[in-house]
């Protein structure tokens, strides 16, 4: 299988998942006792969750394409590793909704909701890292990495996962702080592009992405 | 990154968002005390919102493709500006639903709902205008604009945003009038195509779109 | 604009709309007083609606591609006529759900629900017919039709619309019979392909579709 | 019609269906009397259903593309057989949700829910097998099968359907065991690729998929 169809299907799944995030945003209509302003105010965790998860899935998509554009052939292992990645991407709207519901409660359920959210992102990140490492090991890349480049690239690919592990631990103490960490991870990947081919290690904003 | 994958992902997100608009259209079944006719009648704001938002997203899609067909390379800034555009497009079903719920209430919540709706359209329009201006500044267009053409095109691209600012202000007085303004903006863009390449400044209905 | 992007976007919208049809299929869980079997039995209108609407949107998709594969250039009128077509396709899950809720009630609401369902299909069919007639008039087809072929093709394209008008009238008397008529229209289009290019007027199942 | 548009539309439908699976995953917010942990624990059938159905649709997609990549022309029968396949794929989120609601109840409704789930998978599998057999009979494949290869390939294609028949029968006794069988079928297809072209009968994980 060439990468075309895998990218088209992955695009479709990510496009639907990123759009379903907005289904978590709802308000009760009038005649429910509280004004729209007070509802929007009390529902801020839903909007914060939408922001962080939209940015996260957006970056997954950006990195997914940068990565697969440098992959020449797809073997069966890669195909199912990509399905695993999508499995966790599709869970993100659910874990976002759960986190938004419990974020400000401050009890064990809030900590669990935040840990679940971060754990899904970690599982997504590990699937993604597996795709990367497997492609290097099997020589599936169009432009090959040197041993040094591969080590450096793998580290940058994996950096987010280390942060997600930290976020899970923090979640056990504070759900909002855990969400902030996942937001910072997303911001990090906006400004620091992952190395998906040897010559992307240095980049400026005017490079072709 | 070429524009192909960005267009495919954006197409996917816009296709899902435009279809989710219809999820706002629901009626209670029989045995709820009111006939279907009276329910449809009292739910007219949901249908009005569907019409305006469908047309708006439809036009975003038309202009998105006219624009990106003339863009040669995509830099990282453009990639994230496009994500910002999609961020607000995905919010449209939510703000449409909120506006439809409050449109005819006539209180502060109605004004807030309408202002929120128009503000999302404005944020979408500004993201779009940024994509346009950035592409001109960085020379990313296939067919270059002269300085005069660029100024004229930018104005036509931005005209909707001026109207959206007016709509936000009007929303503070009347939610229905604000919705009418956003409808007129959509109609304007049906008949007046935005200039996405130098030679589209004059157009007739028989031109290839 | 070439037909590629229009087809991709239309594909996306139709794929989402056809899949959202299944959201109308729901059952209450256990502990609600009725067995699953009795729920499925009483919900048969939802399943009948799913069948007819899935088949209808499926055929719209088949005919859409057969048609656009023979269209060479897309003008702005065609672009918006296609948006009108999608506008009504996206309404189908809503009108299907409404019809399913009221199908067996037998009162004025049932007749209205059925008329609404058929009217949406008619509006979709008329948009489609407009796309066809406009493309002939403006000479947008790759393979041109002779005057006779055009007349014959337009008739076959429009046949469904005549049936939908009949269905609307029948709906005022019996909702279930109106649904049966729309099912027969769908079946007709399974076996009788619409003529989207001059040489498809005679066809057997072994022709390439 | 070439296979491109059929694959794009099928991709879209499968991408939406696989993502809608996650809509079955919901928890009540705080202030409903039970902790998040206890809710997640009691909702394990929903997660089990998500896992099995995601894997199943994922494999349908993998096999769909392997198959259509070897198909040269699409006739009208194949077009509608593919629509039938999608018809049952789109039902999977509904039957998964129904099974999850009733899985642990242990009464006749649970058996019916499980039988319905397996029957939908069987109908999907039979549609898929029909696509395969029809393509062989009509010589639609790019790389032709010998008579022996065809018989062997058809058997491997059909193996899942035999298991689904068994699962339906088992469902009448135990819903959870039926779900386990469908999970094993999915696992089988992860490791044993279906033969979609003559030279895929022997494969290792390093082959291009």
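The first chain written gets the first letter, and so on, giving A, B, C and D; residue counts start at 1 in each chain.
Rule of thumb we're sticking to: a residue touches a chain if its C-beta (ideal position, glycine included) is under 8 Å from a C-beta of that chain, and two chains touch if they have at least 3 such contacts.
Since the model is a prediction, treat every value here as computed from it, not as a measurement.
Different-residue interface: chain A and chain D share under half of the residue numbers found at their contact. Of all the chains, the one whose CA centre sits at the greatest distance from that of chain B is D.
A straight line joining the Cα centres of chain A and chain B is 27 Å long.
Rounded to whole angstrom units, the spacing between the C-alpha centres of chain A and chain C is 38.
Residue positions of chain B with contacts to 2 or more other chains are 8, 12, 15-16, 20.
Across the complex, chain A is touched by residues 1, 5, 8-9, 12-13, 15-17, 20, 73-80, 83, 86-87, 90-91, 93-94, 97-98, 101-102, 105, 107-109, 112-113, 116, 138 of chain B. Of all residues in chain A, those touching chain B in their complex are 7-8, 11-12, 14-16, 18-23, 25-27, 29-30, 35-37, 40, 54-55, 58, 61-62, 65-66, 69, 190, 193, 203, 205-209.
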